[in-house]
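First, the structure itself, so that you have it in front of you.
When the chains are written out, they are named A, B, C and D in that same order, and each has its own residue count from 1.
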Amino acid sequence: MTEQYEETEERKSTYAPFIIGAGLALLFFGLVVFVPLAIGGGAVVAAGLFMLFRDSVEEKFADLKETVGEKWPVDFLSKRKLGVWVFLMSEILIFGSLIVGYIFVRFSSGSWPVATQVHNVTLGMTNTIILLTSSLAIVFALVSIRSGNTRGLKIGLLGTFALGAAFLIIKLGFEWPAYYRNGFTISSGLPGSTYFVLTGLHAAHVAGGLVAVGYLIARTYQGGFTKDNHAAIENIGLYWHFVDIVWMFLFPLFYLI
Amino acid sequence: MPTMKFYLGIWAGLVAATVMEVVTRSIPGAFAAISVIILLISSGKAVTIAMYFQHLRYENKSLALLPIAAVIGIIFLAIAAWMSM
Amino acid sequence: MARQPNALELNSVRRMKAMVFSIREWLTTTHHKQIGILYIATAIFFMAVAGMFGEMIRTQLTVPMNNFLTAFNYEQTVTLHGLLMILWVLTPLGAGIANYIVPLQIGAKDLAFPRMNATSYWTYLFSGIMMVSTVFLPGGGPNTGWTLYAPLNTIQFTSQPGMTLAVLALLLLSLSITMSSINFLTTIVKCRASGVTWRRLPLFTWSIVFTMALALFAFPPLAAGLVLLSSDRFLGTVFFSSTQGGGILWDELFWFFGHPEVYIVVFPALGVIAEVFQTFAKKPLFARNVFIVEFAAVAFLSMGVWMHHMFTTGLNYSLLQTFSFTTLAISVPFEGLVLALVLTLYKSHITLNTPMLYCLAAIFTVTLGGITGVLQAFPVLDYAFNGTYWVVGHFHYVMAGTTLFALLAGLYYWWPMITKRKYNEKFGVIAFLVAFVGFNVLYFPYFFLLAMPRRIFTYTVASGFASANLVATIGAYIFGPAAAVAVLVLVLSLRNPVLKQANPWEAQELEWTQNYRKPPSSPTPPSSTGVNADPPDEKLTGQWYWCMTGSCKQSKPRLNGRKKLAFQSKQGSISGKSLMLEEKGGE
Amino acid sequence: MLQPIPVSASDWNHFFDLAVTIALIALAIVIGAMIFFVVKYRERKDQPKFFPDFSPKKSSARDSFVFALISVIILASLVAASYTLAPNPRFEPSDPKNLVIDVTAFQWAWRFGYPNGVTTLDNVTLPGNTTIMFNVTSADVMHNFYIVQFKVSTEAIPGRYNVFWITTPAATGNEVYTYDIYCKELCGVGHAFMDAVITVVNPAAYEEWLASQMPSNSTASGG
């Protein structure tokens, strides 16, 4: 009877997961053994992600029609949104562990440089405000599309993208080179190590968020979002705000304390 | 869902809190006490973002348990790390 | 009288055959059953590899001053055996069975995110290949033990690229398992069929809920530690090579993952035991609600015991006492779980077949392993046990014994569902008996090697370790082949004729009976709370009833109040009840 | 030669015996019950086919409550009793008159530093009937300093000093007691043979030995 259960169901297949898995393995293998291989691996991963995005744009993998079932205690939540929240939970644990590690090594160390002498508070504050504004922009996009305003959606998403990119440019283009010139580098000791690894991982999350927002923009220009069909904006927005929240802690921990 | 005006207000509050943090830093005083104040402001900002931008406030209450559980796990880790120093 | 397969079933068998030999099908699938099969097959492959490493370890230790392996190769073997067995065999084997069974048990069409599920699988496979391939890199693979303690794991002390690759493989695996846990939790919360409420959730699914919740908590800290470690190895940061807390930092992050990981491995095993006991003791689980509450208690407490792995790192005394206490406290609900399972057998009708035997063996090993573990909760005893073969014996009883036996029981138990074929009962029992004897001959002597440090590649005659090691090696040569035969019995059963019954065990659980209440063809409009709760059909047997025993009474439907017999049986499907009636009629 | 059992080990042995006895009784009860049930309630060939009854029973709720209560009470009291009985793992003496030995682990040997600057390698001579404090650290990777017959151990962690105390057995005559030190933490390829020996002699012989070490080792200082 289980066979019959399958018969009635449309099978969906894609190479993307296989390609992403193989690409990641190739990327890591290349990093260790032979760096050009890693570039190839990165390209393979990008191809796999592109396949996923294309499928999503075509809505090939639109949710299986959900039957009426038991959903307590989160009756009104779509499963994607719940999935995003569970994912954010794991992200909280990663960044939380790293921050605990930072505090641990900082207290274990005998001396630690005064934050304001090493770090550029002005740039840090500017970046904080930029990130807050980008959060506002993606909220604006969501509010717009809820009332069917596609123009507002485009402005909001493009604004988010621009502000996120500005954050990365300020950090990678101005802040970090200045630190390196001052001799505060990733291998100059625990203060440098913690700063560059934590903010670097955060910057990687911002970059990932930019890719996701780029996908939203692409889909917007294809007319993929309507008043009733815009869950992706909300879900990616949740992630974007999370990245924002992480920075709310990294900024004072590194720049002010 | 609240209006854009409301969100603008939240954003203004967050920016003000950020400026306040930086200003707090320049107040002369006990380093530890000021650090605690700054971290409290940051936590307030984080909660505000979660409540309004991530609209946890308007969601099913059970959903808030997920981030809260994660934060509790981290607090476990932090306390133990602190004590094993 | 046995039922003849109908045309549809024959057709699907043919289809299945075509499917099995289509590589494209397997590479592109997103279906939970196929991914489950892939997981199981891959886990068994890695089990063979890691088992070979295990046999090599035992061969090296057979006699004093043996030189079968060099010290470096021995350490590499120990490390890969540990990492592969725990993270690439036992954890994914549970996840693989869950992939197949959980959606059936909750009446979901698939997992919530099928493509993510496939990505989990492929990242798992490739990370495993990466891990095994470290051996072939120049300079060899990781040689730090599976705990990868700092600062031995830094580039100053293990400069071989294989070590770096192993760290990245672990990172990829944490990615895979985190995706799995997101997927399973969302599925179980959101995709249950109508009527599968939390109270009626089958026990194996409950065990997966706790497993995945723990995985969600445990793997991110590991990933954080691995991020720091790989930045140490790639970018020249100094987290773990620093003398300012580096070693303790790794200990904290690793064991915050490491202890829950033990429960991540053991929970699916307990879920399988519960299912098998219910079916073959023909009795609902004793104190079902208490069982679930104790499960939750163990899961919660397991987050707060990790520091008992660090008793000898010079923690302050109050911390020692705290973690000694939580470790003892966790044994209370855990023994409660075991007792509930044992008491299920009281006044039952036990069919002693292969899965049941494996489960009984698993109860024995979990009790012995658990009790020897409780002794280590006392810091004073742990000062001597820590890092010796006593500990090795303890965790092999829990991991190799309980988990492997119970998951094998799960494979035997669900094999007729997965392959539509019955294995050879006689060979199954024989393989079990030999494996069980071999297992005990292998690991019981470890409890007498109280003074032998772990991970030493050889020992002197004067140390007095020789006799116990010789016995253990003999046990290893029995246990390894027997475990291989146990798997082979399953594989060879693929040549058996197709089973005619869909539910050969007459099991009462949902994955066999498929007695979900199907939604009415014209759905009733959802009420104010959005739940469309039809009461269960009174005429159904099995899960529908006995789930509601225990402290909860026959639950009133939360909404409509008046009972509506809206069950619509699916054409051609056979419920467990109708099958039983047919057979009864035949007698 | 029969060696006296050190204080820490005799505490350890007593508590170990107690704990193992309790554990074996618990094991016997659980496994005995399981085997009894399996033998008694197994399905026999001559029996008529059994059809399970999964219908709800009134008594079930009470049963499970009683089960939970009883099992929790018994197990929790066992746990609480053993928790309070367990000896203090540090064996920290009330007497502050210690001989402090600095132990530095490195790949793959032990260096012992005496208060007067004498250092020895893989061999530590101690006076009898004295409380010794070991101050353990590591120069490279993690090791674990385990005195086998004393049943005490501590990790040797770079940048961290872990201490514990032992009390050496009384040695008044010419007897010489030797005890083994193993490394319990994987520390690289030399891990298997990273051991050392404690030699306990009478205090006078110890002073004599220490004096004999002085001239040749005066330049070396303890790590």
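Here is the rule we use: a residue touches a chain if its C-beta (ideal position, glycine included) is under 8 Å from a C-beta of that chain, and two chains touch if they have at least 3 such contacts.
Computed from a predicted model, the values in this text were never measured in an experiment.
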{"item": "A-B or C-D - the one linked by more C-beta pairs in contact", "value": "C-D"}
{"item": "Inter-chain centre distance, chain A versus chain D - centres from mean C-alpha coordinates, in Å", "value": "47"}
{"item": "Approximate Å spacing (C-alpha centroids) for the pair chain C, chain D", "value": "31"}
{"item": "Centroid distance [mean C-alpha coordinates] between chain D and chain B, Å", "value": "45"}
{"item": "Cα-centroid distance, chain A relative to chain B, in whole angstrom", "value": "19"}
{"item": "Where chain C touches two or more other chains at once, by residue number", "value": "217, 221, 242, 244-246, 248-249, 252, 256, 313"}
{"item": "Per-residue overlap in chain A, given as positions that touch at least 2 other chains", "value": "74-77, 82, 86, 89-90, 93, 97, 100-101, 104, 107-108"}
{"item": "Pairs of chains found to touch, sorted by chain label", "value": "A-B, A-C, B-C, C-D"}
{"item": "Chain A residues touching chain B - in the complex, by the definition given at the top", "value": "73-77, 82, 85-86, 88-90, 92-93, 96-97, 99-101, 103-104, 107-108, 116, 121, 125, 128-129, 132-133, 135-136, 139-140, 143, 146, 237-238, 241-242, 244-245, 248-249, 251-253, 256-257"}
{"item": "List of chain C residues in touch with chain B within their complex", "value": "217, 221, 245, 248-249, 252, 256, 303-304, 306-307, 310, 313, 315-316, 318-319"}
{"item": "Residue ranges of chain C touching chain A (in the complex, touch as defined)", "value": "8-9, 12-13, 16, 25, 27-31, 33, 104, 107-110, 112-116, 118-119, 121-123, 125-127, 129-130, 133, 137, 161, 164-165, 168-169, 171-172, 175, 178, 181-183, 185-187, 189-198, 216-217, 219-221, 223-225, 227-228, 231, 234-239, 242, 244-246, 248-249, 252-253, 256, 417, 502, 514, 518-519, 523, 526, 529-533, 570, 572-574"}
{"item": "Chain B to chain A touching residues, read off their complex", "value": "1, 3-4, 7-8, 11, 14-15, 18-19, 21-22, 24-25, 35, 38-39, 41-42, 45-46, 49-50, 53-54, 59-60, 62-63, 66-67, 69-71, 73-74, 77-78, 81-82, 85"}
{"item": "Sites on chain A touched by chain C in the complex", "value": "1-7, 9, 11-18, 20-22, 24-25, 28-29, 31-33, 52, 55, 61, 64, 66-72, 74-77, 79-80, 82-83, 86-87, 89-91, 93-95, 97-98, 100-101, 104-105, 107-110, 186-187, 189-190, 192-194, 196-197, 201"}
